[in-house]
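Here come two complexes built around chain A, the first alongside chain B, the second alongside chain C.
So, the complex of A and B:
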């Protein structure tokens, strides 16, 4: 399966040049870029690991691409996404969020059903990958789970 | 000018003109705490427009048809609404814009019902006027702060869904009536699985003999969760909890919550108080509240009588809904582009300036009330995506129906076409392309690798709804000369 979280998951994977264009748009709007990664892509996992702090001062999209590449190199089989943070009063949330790296094989999710009273069912979404310990969830992965920046 | 009567003359038993009773004050300067209303007044032949405006002020506040001495037991000058300005409507003989100010203490805190009982109460049946339309209101910050506002709001909705930077996509299940619960859930599953974020009950699907409400909820949640597991995305179906009594609505809403639904829906026809009650319930229960504007066109569409939809937008933001249908511009339902812009800004801006060409007569500070997500629904399809983004922006739900379900290759294909189209146009916009002009080309290019999009474009490429709008601006923007 292909997880379709993020703004552009229905398009073919973005090229680095296309990623730079999107980052340029974000920076032009005054949004700061943060890179995040995870091996637990549950749809309600709100807190992916941060690849360092959002880059508030960086105005050069190419410099952010360097960081994306470093993150990919350290964690080739993690999901990696780019978040743009908009600090505008009344928004103060993410303005754009898209995946820039995904594991070679995406096992997806199982839907667990617990029959309860009447005809009702309680549902739980279970990530197959999360059956393994953190850091060992996808093939060919390093065993340490840090952000790879030492 | 204002006519001042002595106390003896003013309170002599009998009938005197409203303008002389204190309801016309051309030199009145509205206070920041006043509620302001703008009415389009069409007086009966021979009735002076100022007297008609004063009558509207009087009948929507303290007045009755004759002088009453009991006024003198009150601070009646404060409680009288004041017509303070009357302008002829451009290019509309016999119609006048009447500006009226109301002291805030005329209205109960946090009650749309009380506000509307005055503003659109008896006054609309008043014989001295042929027709009356409430065009706009300015709600003072102090009064706004007595309302909850949207239970969830655009920001928190996006954070809960983890969906940013693009319009959300939905589809209304069709046929709207007649499907069994199991068949209904099939359509929900296919549409969500194919790429939509939301599916929706239609306004008139409640609990009919062919499908009782809990049957729909049970099968619907199976569909929602199956689609979420298949895609790794959060999905939702707006379960319409509209019912004959509040008790029934609460029962249905509670059941939707127990089943794990993230969103419920109500119809505008349930009434203002019921809407406010459900908004409070939604805030308490972390539920997104979708409002379908069923019924509004019965009184909002004609230009001379009723009320403008922008006023409904204001009241519903105060009442506390999270989604409101507000027009598509390009679809099958009424919606002039400039007017729709005014509705959308009213729902989702922190502050709106007065802009006559958009029908916004007053500046409005929203006092940090959360933003309502507008919903564009009715006759839209993937081939219009560039126009939809241009007219409606990205904080909107594009609600397809036939434009998903009617796809020749099936519902999933229809949903995929919608999603690929929106992502391709957003990508192009962000890359700085002139996406409105190049839209057809951008979509054609995506259709080369996406056969569902190709099918959608081929099926609906020539479908447009070019009819004259009835609700249009009275003012045309003119360029300010530069020197």
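So, the complex of A and C:
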């Protein structure tokens, strides 16, 4: 099941050229780019791990594409996203966030129903991938991935 | 080989250099270079040569005449204050106009920005600067400080290696300009032959002559809406003649500092004088403002203590 998180996630995966155009737009707006990755696909997992530090004052998207490629190479079966942070006073938040890499096979989620008092039912979604420990969740995964930069 | 096997039809194509020149707008930048920078004749000549070469390379590329992307890394040598940074800024503009760098900004770095304090600190630091400079020009001032011959465990070597790798592999992304004193740059290249061979253009910045320095002073004063009169011009010439002989003379930079101090003395003189003064008096530099300099008494300028109390009294 294809995870749809962030901008453009209902479109086919962006090509590198399209990614560069989006980053170019971010830089033109003065947003700084950060790259994050995770292998826990749960929608409530908002704490992804940082790939290096956010790139402030970078003026050219090529420098960021190099980092995206390095991250993909190290973690080919992780979800990787690009965050653009708008530093303007009053905004100071993520202005654009989109996925640039996803695992080959995404097994998806199962729905758990839990009967609680008074025959009420509580629902929860459970990621099949998350059954395995971190770093081993997707096929062909390296086990020593940790947080990037080996 | 491929170049020669072109068909006759393709060889009859024509390009209009005039149009290409106009489209690239480099004439403006070269014009600015001529107009705003005084002297530096050999430098301007070299920049024009490089600009023409790059333009022709572009046309050759359009015509599919096999063209390796030219190596653009440069080395500017010269004494302090001879305009290396200023020319580097113009160079970034020219390269941008000709489409050799995408953004055309200039990132200035010194050893401190590139070399770390401890093991593992250098690589991320150098990489960060290279990231910032991507798409533009990286200007490394006093590049020879990167290499310290006396300490073989110095982290500078690591920075140089990362730099070299970048200069070779990501030529499309970044142009590196090294700058510094000629002699020290030469010995730096001797100990780093890899660096020397990757730099295509070596440009030497000559010292300014006395007349050129006076012209620079006039230009600087004019830009700040000040003006010399006959007497003060003569006084400034005398001042420069003395100053050039002193140690730590830094060409145009010393001229700028001298003008800053002259402005101070002029302000003190006007305040002491008091009363109503005409507009042109506010802009005029008097010979007295210059002659008060300690250089005339054989001292170094900048250290004078001309009636500081009086200036405060007002």
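To be clear about the criterion, the second predicted complex is superposed on the first by the 145 of 150 C-alpha atoms of A that agree within 3 Å, B and C clash if a C-alpha of one lies under 4 Å from a C-alpha of the other, contacts with A are read in each partner's own complex, and residues count from 1 in each chain.
Keep this in mind: a contact is a pair of C-beta atoms (placed from the backbone, for glycine too) under 8 Å apart; a residue touches a chain by one contact, two chains touch by 3 or more.
These numbers were taken from a predicted model, which means no experiment stands behind them.
Using the contact criterion defined above for the overlaid structures, shared-chain residue A:63 touches chain C, although it does not reach chain B. Once the two complexes are laid over each other on the shared chain, residue contacts for A:132 go to neither chain B nor chain C. By the touch criterion defined above, A:105 lies against neither chain B nor chain C after alignment on the C-alpha atoms of chain A. In the superposition on chain A, contact is made by A:10 with chain B only, not with chain C. With both structures placed on the common chain, the touch criterion links A:97 to chain B but leaves chain C unconnected.
Between chain B and chain C, the partner in contact with more residues of chain A is B. For chain A in complex with chain C, the residues that touch the partner chain are 52, 55, 57-60, 62-63, 67. The part of chain A that touches chain B in the complex is made up of residues 1, 3-5, 7-12, 18, 21-22, 25, 41-44, 46, 84, 89-98, 108-111, 119-123, 125. Considering their complex, residues 102-103, 105, 124, 130-132, 134-136, 173 of chain C touch chain A. Residues 155, 158-159, 162-166, 195, 214, 218, 221-222, 225-226, 228-234, 258-260, 350, 368, 371, 416, 419-420, 423-424, 426-427, 430-432, 446, 449 of chain B are the ones that touch chain A when the two sit in their complex.
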